[in-house]
Every structure is written in C-alpha cells, then in structure tokens.
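Structures incoming, each one as structure tokens.
Two complexes, one shared chain (chain A), two partners (chain B, chain C).
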Partner chain A sequence: MSMLSLQNIAIRYNKVPAVHDVSIEVEAGEIVALVGGNGAGKSSALRAVAGLNPVAAGKVVFNGVDITQVPAHQRTGLGLSLVPEGRRLFPKLSVEKNLRLGAFTRRDAAEIEESLDYAFTLFPILKERRQQVAGTLSGGEQQMLAIGRGLMAKPRLLMLDEPSWGIAPKLVTKILDTIQQVNASGITILLVEQNIKRALEIANRGYVLQTGRIVLAGSGRDLLDNPEIQKAYLGI
Partner chain B sequence: MTAHRPNTRRNATLALALAVACILPLVVTSPSHQNFLILILMFAQVGVAWNILGGYAGQVSLGHVAFFGIGAYTSTMLFIHAGISPWLGMLAGGLVSSCFAVAIGWPCFRLKGHYFSMATIAVAEILQVLFTNWESVGGAVGLNVPLAEQGWANMVFNTSKLPYYYIALGLLIVTLLANWAIERSFLGYYFRAIKDEPDAASSLGISLTRYKLVAIAISSFFTALGGSFYAQKELYIDPGSVLSTSLSIKMALVTILGGVGSLFGPVLGSTLLTSIEEVTRQAFGGSGMGTDLILYAAIIIVVAVYYPTGIVGWLRQIRRRYAKPEARG
Partner chain C sequence: MTGEILLQTLLSGVLIGLIYALVAVGLTMIFGVMDIVNFAHGEFLMFGMYSSFWLFSLFALDPLITLPLTVLMLFALGLVVYQLVIKRIINAPPLSQIFATFGMMILFRGLAQFFWKPDFRTIENSYSSGKVVFAGLHFGLPQIIAGVGAILATGAVWWFINRTRLGAALEATAQDKDAAQLMGIPSQRMFALAWGIGAACAGVAGVLLSSFFPIFPEVGANFILIAFVVVALGGFGSVSGAFWAGIIVGVVEVVGGFLLGPEYKMAIVLSLFLLVLLVRPQGLMGRA
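Our next item is the complex of A and B:
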C-alpha cells in the first residue's frame, strides 16, 4: 500500500477545469516530483492533497484512509505538511514564532524543542536570525524558514510547492540538498517544481503534467533521459 | 542593547496620558464638554473591541452594532424586569452577545472578505427591524431605563456626568488590557496568521473557523459592554440609537482611521473622529441630516488612498524620519 494515492482526481476553479483524471502514487520513503510548465495543474494537485482545493471528482487516500473530505487543518495532524508556493510566512512574526506556529498541532513541549533544534541544525542561519522578523529575510532564507516551519509539524509526508522559486541558483542547490537530507531522515517528499532538471535529479520518481493531465511518468533518471522531455523542457 | 529605551518612553507616555485622562474632566466642567469627552472614550472602547476581530483577525465586520445593541437591551431589560444592577446586566449582555456572535459567526465565516462584511451588515439590519417590531422590548418607542435611586449601585447619575466619564475610562482601560493580553498571547499570533496567510495557517493545522469564532466572541463581548454603558448614560435606548447602521460604520471607522491592528489606534481615531463630528454638528446643526455619513465616506477615501495604516502608521513614519539623522549622528 502506498503512503499517498491520488485516485482519478479532477479539480475545477469555478467550473473551469484545471486538473483532469490525475492519479499519483507516493510510496513511503520516496522523493516524488510533479513537474511541468506553468498552469499544468501541479500546484492545484498538491493543494488538493493539503486540503486547500476541493476536488470535483476522485479520491485522496493517505495511509489507507480516504481523506478527500477531511478539512485542511485536520490533515496536518494526520502527518501531512505543506510548504506553500511563495513561502507564505507570517511576515510580522519572528523566525522563531513562525517555526513554533508550525508545531501548532503538537502538544509535547520537549519534542517541539527537539524539532526546533532539528530545523536549526538543517538551517543554522535561522538560529542566528531567530529573533528577526520573517519579512526582513532574504528569499533563500525565507524558503529555509518555510521548510523549517513545515517540518515543525513532524510530518510523515512533506509537500513542497516550488521551493526554488525566486532564489539564487547557489541556494537552490543548498535547498535541494537539504530536501534530500530530510528525506534520508525518513520523511517522504512530494515536490512540485518548474525547475524540472533540478527536481528530477533528486527525485526517485516523477510525473510530468501538461494542461491538467499526466503525460509521462517514470523514474527521475528515465525522465531526464527522455528525448521528449529534453526537447520540450530542458532545451537540449 | 538599547531596546529598553523606547519602552520606558512608551510607559512614560502612557502614564502621562492616563494622568491627563483622569484630571481632564475636573478641569473641563461644562457638562456638554464632559459629554464630548465621554463620547471619545466610549467610541475608543468599542473601536478597541472591534479591532480584535477586524484588526487582529482581519475579519471586517460592518454589523458590530448588533452586539452593541444586544448589550444595551440585555442590561436594560434585566434592570426593568428583574431589578438586576446594570453592572451585572452588563456582563450578562456581554455573554448573550458572545453567544449570538458565535451563532451568526458560524454561517457568516463561510464567506470571505467583502462577502463576510456584507453578511454582517445584513445581520445588523435584520436585528434592527426585529427590535423595531418587537413590542416586548419596547418596539420602535424604545425603552427607558427605570428611574432608580442614583448612585454607583445602579449606575444611574442624574446630577453629574463625572461618574459616567470614569466608568467609560475604566471600560476603555479594561478593553485595552484585554487587547494587550491577546496581542502577546498565542491567540494574537493565531489571529495574525489567519489574517496574513489563511492558507498557510490552515495547512499548519490552525482551524480558521474556530479562531475566527474565538475572535468574534471576545470582540462582541466587549462591544456589548459599551452598549450597556451607553444605555445607562442616556437612560433611554431605541433601535434607531443602539442598532443603527451608521454606528456600525463608526466603530469600524475609528479603528481604520486610527490604525487597524494597533493597540492604541482606535483611541486616536476616536479622538479625531469625534472631534470632527462635534465641529461639523455645530456647523451644520443636528445629526439627522446625514452629514456624518458623508463625512465617514470622505474619511474612508482619504485613509484608503493616503494613509492605509491610519494615524498610528503615519506617526511611525514621522518618527522614523526624525530618528534617522539622530542614529547617524
């Protein structure tokens, strides 16, 4: 049984279809990437898993439980955590407050401190800036904080929406390395990226979306070697 | 670290403001001027209460007069029919108002942004029509607060406005303290998270509806206290005075003018707005001519275009401008 399975989901915005009949499986321990161009429906699908978009058809099953009708705020407690597109930090609150809000669903104070230490180990810069207001961080630091905040929920599945968006290429490497590091610690990763090459490099498997449908699926390596992908997205 | 310096300055300013507020009505002895000061305090208090929902949690209600009215009617009805002191009636009004707020918040919070605001207007309008036609609560004629023995026990004072002034000041301070506590507690963070990034908040596990309901319950409680106070000050209430739409707008406006989501914004906003109203009232006569509504519209436009952060934001801007050369030197 896979950890997450999207079964034939369809998503519409005011009746305008954005995703048609998409099925995705994520096994425990994997890094899975959803890639594709602008408006392909990647983020829509991810937000449906997080519960932020209602699905018009199909099912979302997490660890064998149908969560299609579970409201967003209750999915966090089940072990799902979303690092949203554009970071969506709380700009007027400090780095530490942002992180602590990430642990909203948890009660054990000692465990929360442990997670806070973990976030600071992953991103030491956040420890230096812990009292600084989140809105004043650089783009890369904000992304680190968003990932740290997502991890504070102690998820089993961490979902990242465009983590490379708007940050320097050098930091993209650092962030993708950290995502692999997080994955190695036992957290399953579902990643949405427009930066197709970088995403497929770290992914075990990938799905290519185009205008709301899955057009290709396979291992990260195979997709990178696929001539169609190279032609359409990688400019090779 | 020099972080404590602005704090001591802030505390000194607060102590000074409090001292002035305590002494002012002893210097200003004319009853009409005292009444004007009471109005400033009263609208500051309901503005601070409105700010909990509208400012911190970001849910702009334009029907807060419903809670004000419920407060006024509850304490007055209890006073008339059960002889219960308005002090207790005030608390009862707050609780009734909170229950009502949660009951209407449940469906209304399914709407977002402007749609929520429109729903709150509708609720307040319906309440006004209901009370106007409800004979047991006086209908359109209204209710007179019973002619009880004057004094603190009954919160009735016929010969002097002074006690009302101090009650209004006390209510304002209590409401400010509650706001201050919320601002620094986990609730304040949740409210701001809901306001700034609702999607992120809910994907962290924060139930938006639950915390919006908490915000409206607290906000309506303190708004109702203001309503009960108003009833005792005027000793007469009717739907046109305690359930009027323009009162709802004014509650929102003192906060928007002063500074949304800032602790003292509504106090500054109320001081300015009540003063402007007093001047225009003298110039144009009466308040039934709609000049107040024209004024509100004009202020909303000016604030929205030029000073979206209100007086508080404007003051901060000035302070930053003057603080800079100092820091360099």
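Our next item is the complex of A and C:
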C-alpha cells in the first residue's frame, strides 16, 4: 500500500480545469519529484493533497484512508505537511512562534521541544534568529524557516513546493541536502521543483506534469536520461 | 491654575480614551482576523450596559460583581452572531458584509427600544457619585474604575494573543488563513473566537461605562464612530495600536473640546481621522 495515492484527480478553478485525471503514488520512504513548467498544475496538486483545493473528481488516499473530504486543518494531524509555494510564513510573528505554530496539532510539550531542537540542528541560523520576526528574514532564511515549520508537525509525508525558489545556488544545494537528510530520518518526501535536474537527481521517482496531465513517469535516473526531458526542460 | 486645569482635562481624556481603546480592540480584532467591519459593535457595548442595568435594578447586584456574567453573555452573543450571520457572508462581496452588520446594528437597536423602551437609564450604585482627589486634581470614582478596568481588559486580550497557544493561532489566522490551516488551525473556530472576544470587549466597556454614562438603545452610536477612528489610527488589526490610539483620541477629544468648545469635539476627532488617512493610511503603529 502506498503512503499517498492520488487517484484520477481533477482540479478546477471557477469551472476552468487546471488538472485532469492525474494519478500519483508515493511509497513510504521515497523521495518523489513532481516536475513541470509554469502553470502545469504542480502546486494545485499539492494543495489538493493538503486540502486547500477541493478536487472536482478522483480521490486522495493517505495511508489507506480516503481523505478526499477531510478538511485541510484536520489533515495535518494525520501526518502530512505542506511547505507551500511562496513560503507563506506568518510575517509579523517571531521565528520561534512560526515554528511552534507548526506543532499546533501536537500536545506533548517535551516532544515539541525535541522537534524544535531538530529544526535548529538542521538550520542553526534559525536558532540565532529565534526572536526575529519572520518578515525580516532573508529569502533563504525564510525558506529554511518554512521547512522547519513544516517539520514541526512531525509529518510522515512532507510536501515541498519549490523550496529553491528565489534563493542562491549555494543555498539550493544546502536545502536539497537537508531534504535528503530529512528523508533519511524516515520522512517521505513529495517534492515540487522547477529546478528539474536537481530535483530528479535526489528523487527515487519522478512525474512530469504538463498542462495538467502526467506526460512521463519513471525513476529519477531514467527521467534525467530521457531525451524528451533533456530537450524540453534541461536545455541539452 | 490653568496648568492644573489642563492637566485635569488631559487625564480625563486619558480615562475616556482607555474606554475607546477597549471598544476598538474588539473591533480591530474582528477586522484583523476576517476583514469584516462590524457596524453593530456599538450595540455589543449597549447590551453590556443593559446587562449591568438589569442585573442591578432587578437583583441589586453591582455591575462590577456581574461583570463576569456579562462577559460570558456577550462572548456567547458574539459566537451566535458569527454562527447565524457572519458565517454566511465570509466570502460575500464587501457591500453585502457591510449591509449584514449594519442591518444587525439596526435590529439590535430596534430590539432594545422595543423591549427596554427608549428611555435614558442610569445606575446609582455606591460609587457612582464617588470622587477621588489626587494632587489637587478631581476625578469621578467610576471614571477611575473604568479606566483601570479598561487597562486590565485590554492587557488581558494582549496577553491572550501574544502569550497563549490559542492566541497565536488566532494571530496566525489573521496573518494568513490558508497557512494557518496547513498548521492544523481551524479557521472557522478562530473566526468565531474573534467574534466572541470582540463582543466581550465591547461588553466590558459597556459595563465599565454603566455607572456614569446614560444607558439607552442608541448609546452605541456615541462610540462606534470614535472606535473606527481609533482602529484606523492604531493600524487595522493591531491591539497595542488600538490601545495607544484610543488614549490619543480620548485626549484630543477632551482637550480639544476644552480649548475650542465642546461642540467641536467630534469635529476635532474626525479631523484627526482625515489627517491620519491622508498622512499615514497604515495607522500610527501599522507598517506601510
């Protein structure tokens, strides 16, 4: 049984279709990349898994449970966490408050402190900036905070929407390394990236989305070697 | 001597300003969390006053004694208003939202007139004519009690928002509703909570006013306009902003009225409002 399974989902915005008949499987322990150009429907798909977008057709199944009708705020507690596109931090709240809000669904104070320490170990800069308001962090720091906040829910599946957006190449490497590290600690990853090469390099498997449809799927390696992908996305 | 009078006036302005702040805190909270302007906010205050009045005249219980009960009733009223009315207009166009809360204002005033008559009522309790003399300055005891009460109530709201887990969730919802949902925070509950707290704040202000201010169905009108000015001045959605802005508006109103004549009070306050909108539309404390 897959950890996450999108079964023939369709998403519409005011009747205009954005995603058609998309099926995606994510197995426990994997890193799965969902790649594609602008407007392909990647964010829409992640938002549907998180419950922020209703699906017009199809099912979202998480750990064998159909969560299609479960409201967004109840999905977090089930073990899935989305680090959304554009980070969506709480800009007027401190770094620490942002992180603690990530653990809103959790009750055990000691475990929350452990997760906080874990986030600070992954991103030591956040510890230094713990009292600073999130809105004044640099772009890279904000992305680290967004990931840290996403991890505070102690998810089994962490979904990341363009974590490399707007940050320097060196930091992209650090962030992708951290994602691998998080995955090695047992958290399954569903990664959306425009930085297709880097994403497929760390992914076990990948799906290529184009105007709302899956056009290719396969192992990260196969997709990287695929001439169509090389031509369309990697400029080779 | 004039210095003394001016100081006296200044402090009277501060005292009434603290009440304005408390009324505005509720208004700014509802606006901050949902972007809805509650035109019926003055009526929550009116209900707080009548609650004090009836409990006093029927059971001879002092408004301060019955304050917890009034707070509970107003909190519940806020929840009911949210459930019955506001929930249906969350995604409606702004004009519908304005009509909805404006309609509630008219309804609540009408109900008060119908059930409680349009008469002016007053509460004559043990301290309503009490005086406090301090360093040669004279103050009414109920005004002092109201000022202190308003500070405590505003402080309590500030503490709740800034120091508790639920308060942080409310603030998070105000800043980014979708992101808050991703944290597992139920937006609808936070909206309801904002209405409950907002109504309770106005109710507390009504209770504090009830021992020195006349009680009548339209009394809310005296406060709602000023509360809008305070909310704008303090920066929409900011509790600490509303606190300082309330004091400023109270002082400007009372001192200005003293210097230029009481008939200009409202004109002075509204000029301040226009000035703020022109010069600092984000409010004194708000960020651009």
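In the analysis below, the second predicted complex is superposed on the first by the 236 of 236 C-alpha atoms of A that agree within 3 Å, B and C clash if a C-alpha of one lies under 4 Å from a C-alpha of the other, contacts with A are read in each partner's own complex, and residues count from 1 in each chain.
Heads up, the rule we're going with is that a residue touches a chain if its C-beta (ideal position, glycine included) is under 8 Å from a C-beta of that chain, and two chains touch if they have at least 3 such contacts.
Please read all numbers here as calculations on a predicted model, not as lab measurements.
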{"item": "Overlay on chain A: chain C relative to chain B, clash or fit", "value": "clash"}
{"item": "First (chain B), second (chain C), both or neither touched by A:Arg130", "value": "neither"}
{"item": "Which superposed partner A:Arg213 touches (first chain B, second chain C, both, neither)", "value": "neither"}
{"item": "Contacts of A:Ser81 with chain B and chain C, given as first, second, both or neither", "value": "both"}
{"item": "Which of chain B and chain C A:Arg221 touches, first, second, both or neither", "value": "neither"}
{"item": "Stretch of chain B penetrating chain C in the combined three-chain arrangement, among 2-10, 290-298 or 308-316", "value": "308-316"}
{"item": "Where chain A meets both chain C and chain B, residue numbers", "value": "50-52, 71-74, 76-77, 81-82, 84, 88-93, 97, 101-102, 104-105, 149, 153"}
{"item": "Parts of chain A lying in touch with chain B, wherever the complex brings them together", "value": "50-52, 71-77, 81-82, 84, 88-93, 97, 101-102, 104-105, 149, 153"}
{"item": "Parts of chain B lying in touch with chain A, wherever the complex brings them together", "value": "189-190, 192-193, 196-197, 199-208"}
{"item": "Of chain C, residues touching chain A in the complex", "value": "165, 168-169, 171-172, 175-176, 178-187"}
{"item": "Touching residues on chain A, where the partner in the complex is chain C", "value": "50-52, 71-74, 76-77, 81-82, 84, 88-93, 97, 100-102, 104-105, 149, 153"}
